[in-house]
Every structure is written in structure tokens, then in C-alpha cells.
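See below for the structure under consideration.
Labels run A, B, C and D following the written order; every chain starts at residue 1.
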Amino acid sequence: MSVSEQAVYERQGFGQALGIQGRIGLLIVDFVNGFADPAVFGGGNIAPAIARTAQVLEKARQRGWFVAHSRIVYADDGSDGNVFSIKVPGMQTLTEHAAISAIVPELTPVPGELVVRKTVPSAFFGTGLAPWLTQRGVETLLIAGATTSGCVRASVVDAMCHGFRPVVMADCVGDRALAPHEANLFDIGQKYGDVVPAERILAL
Amino acid sequence: MSVSEQAVYERQGFGQALGIQGRIGLLIVDFVNGFADPAVFGGGNIAPAIARTAQVLEKARQRGWFVAHSRIVYADDGSDGNVFSIKVPGMQTLTEHAAISAIVPELTPVPGELVVRKTVPSAFFGTGLAPWLTQRGVETLLIAGATTSGCVRASVVDAMCHGFRPVVMADCVGDRALAPHEANLFDIGQKYGDVVPAERILAL
Amino acid sequence: MSVSEQAVYERQGFGQALGIQGRIGLLIVDFVNGFADPAVFGGGNIAPAIARTAQVLEKARQRGWFVAHSRIVYADDGSDGNVFSIKVPGMQTLTEHAAISAIVPELTPVPGELVVRKTVPSAFFGTGLAPWLTQRGVETLLIAGATTSGCVRASVVDAMCHGFRPVVMADCVGDRALAPHEANLFDIGQKYGDVVPAERILAL
Amino acid sequence: MSVSEQAVYERQGFGQALGIQGRIGLLIVDFVNGFADPAVFGGGNIAPAIARTAQVLEKARQRGWFVAHSRIVYADDGSDGNVFSIKVPGMQTLTEHAAISAIVPELTPVPGELVVRKTVPSAFFGTGLAPWLTQRGVETLLIAGATTSGCVRASVVDAMCHGFRPVVMADCVGDRALAPHEANLFDIGQKYGDVVPAERILAL
């Protein structure tokens, strides 16, 4: 983003900080094998983001934060094909038992962690995620995952709309290409959530 | 976007076309005085986008397409402040009778056109827009409005999630800064909807 | 409900208590002039339910509980007519400035209380109510209003789905006819929320 | 319902007919083994409702109507327990591979039919059902299933809210106890959808 463009946002009052308050949740978006693999939907800076997220997940488990994961899962028979799978036909290969739809080994959920299946970008749309967080009194939602310009961005916007304070850990989100990664972190920081380094969270 | 980054998306199968089919709706997002005014939330290429949208709106009325508008409207007493208005405090000045929250004169709704009030980016979230379109059998949703990187992008993603085929008219959407405008059109075209010039629609 | 039917529900494990915990919200559903007037949508036991609710509202304000009201409001030009208004055409007379759509004088909202406009039974569907409660960390939602078999029942079911613990105050909800009132309190108590006398709440 | 109570509804203009129009969908709610078995969540008139629904399903397949089924499915590890499973703890025994959560053999889905998993009463809440129907241009939604006073009622209300015309086939829905079955058919017919005998549909 150019200096002059940042100035426009600043002059109009965008980009205030939300801060961390109340009970904390951690949402890990679509860190599945297919998004770790550059030959499928991966590439870019996704691999280091997964490694960094493993540290945050360990912290969350130590601290008892509420942990949720999302996976893209389409039906084996193609019955739930949708507009997203028309734009990106390969999505429908992410079926329940396909290796590419499984959460990466470093981040395997443990009992009690929520795993939501979805067929759209946002982890909130058409899932039980918001009610699950609401029932547990979560106010701040830490967000990691892939891709920054896709399912992460959509989940951040929805987290905010549902009344949660989204905090995106910049080195825990990744994308197959860096320009969209950066452009979307800019939008998020200006309008939807806080963008912080993971070390800020690891130090809590 | 660099050539190499576009290649990544192409290799992974993104960016297929949806096409226009079935009954058509037109959604005009937040083209209100405050987003037309560079001293409030406007600037960039928003003014020409409004002028171009006026032509599409005329076409829609001639053809009997279903037309919906959205406005950001917060309560006078601040009771509905939310996470979005913490990030961007000026949003709460867009109250029901404030001049800046009124739809621009060129696009004033006529009886029978839906006007949805919202306090979040997407015109679908927490509104009756999706049911209204569903009841009328709309399949393809043309989208105009401001800003490309904000309420337009969020509305496009939700349109897709709700089962509509979003078609963004590139010269009918605008933003206060051009880099986010371009970056978000790229994301939309790759993953969420078709991006076409308005002339394609005016020729229908 | 006959004794034998209650026994079926008991044998299958329905009807457990939720209890009151965490931050408390109060939702007052559609206690507007038109539902207080037997010549419009009122009758039955609605009048005493309004009187009792006024006591609970006073308590809520004293205690600082989060208070939300709902109103049915259709557009003046009929543009937002829906399936509900096909089933019950008179609903579309509840326009913004119609006296029958105004909240009854005994329960007039004060600044800071949320008022949601809706065109469907549930106060949650297509509104910002759930995010508003979530952002404020509400866990238990007290519910009053009209009608028990209509907008109250729908709001209770949605409150539960969104992750809140619904507590219906039996003498603060009313209906135009008593058999549906009783039948719906039975369903609610068995499956969706606690049903308690208002005195239980006034004693908190 | 007494004659005088029906008169109140009639005088206030409730109970207009919606009719059948446009593309047709068939939703079969929770006809799984556990709701067919009186020792689990079944009983009452559920068995004959299943038999009658099998005839409608055959008709739907012949005619190419869009068919969707719902199942209640909770996670094996209890991680998605919610307010509904606090009210009715036995719900959490309906896990993915439990025999009681499988759709009854008479109604086994065929490829291309949507199956939505849910943990709340409505087949629409937190699922992809509404977008799936919207994308396919469905306007009228035929509804069968169990129980009339629970998941059927909730699904009918949500179908209406999402913009579909719900048509409940009275002899294709059942409940563990007959009084709630009848009371809820009354509410549905007055406010949310049409209630017709299945023969009306079989004759289409």
C-alpha cells in the first residue's frame, strides 16, 4: 500500500485497535494437507505459518483457551456442489476421507476441540462455530490458517459480524501468493480485526 | 498481481466463469452520500462508479430485474455499536436521518425496490436480503457499490455463500484508494464471482 | 398435555433444566400496540403479560442487564413483503410510523437498549440481535413478549441455537388464544428453554 | 383448538394459503432409526408417517424434484455439545456411526440428494440447506419428518424465513405424542406454511 493510500485510511479514522479482552478462543482455518501442498492448493508462505501456529496451539492448550479448527469437506457424491466449487472445481476433491482434506499432523485436534466442516470460505457460514463460541462466552478470537486472502479473510469478517474481536496472527496465516497475503492483511487491519505478531500471543 | 502469482492461481484451477443465468437481481451497496464524499468515507474512483451505476440501474428498471440497495445505518443513541464501529468509529455517524447515510440522488430507490439497513460490511449479514432474493427466484446477482475492498467484497462473498452467482461490474464499484480496489477485484475474480465491464450488462 | 404424553417425554430424557448463569440479557418480543389490541393481533392473556413484564424490565434496568426489544416493521411501499405476510396479510400494516407498530408505553425503550426491526417471527433471524448479545458476553437470555405460539416460540428456539440459555417467564408471555399458549410453553419447557414464573427472576 | 380460538385467528386474518409454485424441493427431517424407535426418540404416529413419506419420496425422484434429508449428528468426543443437548442429553448419542443416527432404510438417500448434519432442531440453522435450495431456484418446499412439534416445526419456520413456501404433508410428519403433533400443525397452518394431505402431492 502506498503512503498516500494509508493516509486516506488514517484521515477517515480507520484502523483503531480492538485489544484482547475476556475469554479467548483460537480458530485455525483450513490448515489441511491440501493447503500445505503446493501441488494442490498450497505454496507461498503457508508452511512457516503452520509451524508457527503449532506453537500457538500448544500455548492455547496450556492456557485452556477454546480451540476450533475448520476443514473444507465436500460430499463424496458431489451432491453439495455450490457456487464456490464452480469457481474453483478442485475444491470438490476435498472429500471426507481424502488425505488432502485431513488436518495437518502438526495440528491434529485433541478431544474437546471443535472441528467444523464447511463448503464455503468462512468457517462461520453454515456451521455451528458462532453458537459454540457464544455459549462458551468467548469475546476475543485469535485466528490462524490459510489462505489469508480467502478463508482466513472471510472468517475474520464473519467473526467480527458475529460480535467477536478478531486478532489475526500475521505469521500464523499464509497464502499461495504473497501479494494477496499482504493486501488482505492491510484490509483486515484497517477494518475488521487486529493484526499482531504471534509473539504477542505467546507472551500472554 | 505479478505474472508468476497469477500462474499459481491458474495452475490450481481458480477463476472459472460463472456466467449469467436465470432471474437477475441488482444489488447496489452503500452508494450513500458519505461514501461519495472524500471528506467522509469517499474518494478514489467512487464518483465515476456511481455515474456508471446509474446507467445500469436504468437498464435494470427497464428490464424488470429485482433491485436492492443497502445503507449503513446506526441507531441515534449508539445502542447498536459493534466491533466494526470500534475499528472505524466514524461509522456511527451514519444515523437514519443523517444526510451522509442517504442514498445518493442519482440512485434514489423507487417503490418496490428493497432497501436494507446494516451495521456490518456485508449487505446479507443480519438482513432480509437473501430471503428476498430467494423468494423471487433470483439466480444471478449483479453487484455495484462501495467500497470494493470493504462492503462490496463482503457482499460478494456472502452472495456466493447464499447460493447466488455474483457478477461484479468492475466500473460500477469503487474505493477510496486504488491498490485495495485492484487487489480485491483480483480475489473476487479468482474465487467468488465474475468481474465484467458494465457494458456487458448494458448489452443484455 | 395428558399424563401419558408427559411420561413419554420424561422417559426419553427431555425437559432438563438449564439454570441461570453468566451475564444476563432480557429480550422483550413484539410487545407493540398492535399485539396489545384484540382488534388487531392481540387478545387472550397478552395484557397481563405486558403488566408483569414492566416489573421485570424495571428490575433489569436496576441490575444493569442487557435489554433488547423487537418490533415487526414492514416497509411503507410493501417492497419487503415475504412469505409470512402472504400467510398473514395484516402484518404489512405494521409500518415504521404506524401507531400499531410502536412499543407499548409501559415498555418504552430507554437509550442504550437495542431495538431490532424484523419481518419474520424470530427476533434473531435477519437481525443484529445475536451478535449484540455475543459481544456483550450474555449467556442467559430472559424472554418476555407476544405471542407465545408465534414470535416468542421462534425467538426461544433461535436463542438456543445461537448458544444462549433461554429462560421464558411464563406470566410475561401471552397469546391471543390460550390453547396455543399452553401447548407452546410445553414444547419450550421440554426442548428449548426453562419456563419459570417471573417471581423467580424478580427475586434474583 | 376450540371453535372460539379458531375464530380469533380467522378474524385477525391468519391462515391464508401459499399454494404450490415454481421449482419444488422435498425436505425429509430426521427420519432416522432413533426417531423411528419408541425406546429412543420415537413413538406416536411416526411409523405410518415414514411409510407415507416413502411414497412421496418415490414421486419426487420420478419427477426430478430436489431432495434433501437431515440427520442429527453430534461429535464422538462430545466437543459440540450445545444448549439443546443440555435440555435433552440423549441427543449426544446420535453420533456419526451410531445406528440410531442413520436414515431409516425405507428412505435411504440416493446419490445427488443432499444430506445435512445438524445439532439443533432446524434443518436450516448452521447448515448449507438454504443456499443449496436457493442455487437450484426452489420456491416451494414440501416437508416430511419427525417430530412435528420439534425439528419439523423449526424447519418449517426457517424455510419460510429463508423465502421458501413450506408445504407440510400432514400424514408425512409424526410425533411421539399426539397432542403436540396436533397443536403444532395448527400453528403451522395459521402462520408458517400450508398443511395438506400427501395425496394432494401424489396427484401432482
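In the analysis below, a contact is a pair of C-beta atoms (placed from the backbone, for glycine too) under 8 Å apart; a residue touches a chain by one contact, two chains touch by 3 or more.
Chain labels with UniProt names: A, B, C, D = Amidase.
On a predicted model such as this, the values are computed, not experimentally measured, just so you know.
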Chains in contact with subunit C and also with subunit D, listed by label, are A, B
Pick same or different for copies subunit A and subunit D, depending on whether their interface residues overlap by over half. same
Rounded to the nearest whole Å, what is the centre-to-centre distance of subunit A and subunit B, using the mean of the C-alpha atoms as each centre? 24
In whole angstrom, the CA-centroid distance of subunit A from subunit D equals 34
So what's the Cα centroid distance for subunit B and subunit D, whole Å? 35
Two-or-more-chain contact residues of subunit D, please, as numbers and ranges. 82-83, 120, 126, 131-132, 135, 161, 163-164
Subunit C residues touching subunit B - in the complex, by the definition given at the top: 75, 77-80, 82-83, 111-115, 119-120, 126-128, 131-132, 135
Residue numbers on subunit A that touch subunit C, as the complex places them: 22-23, 130-137, 139, 161-164
Interface residues, subunit B side, partner subunit A - complex: 1-2, 5, 8-9, 12-16, 18, 40-41, 43-44, 82-84, 86-90, 120-122, 125-126, 149-150, 153-154, 157-158, 160-161, 163-166, 176-180, 183-184, 186-187, 190-193
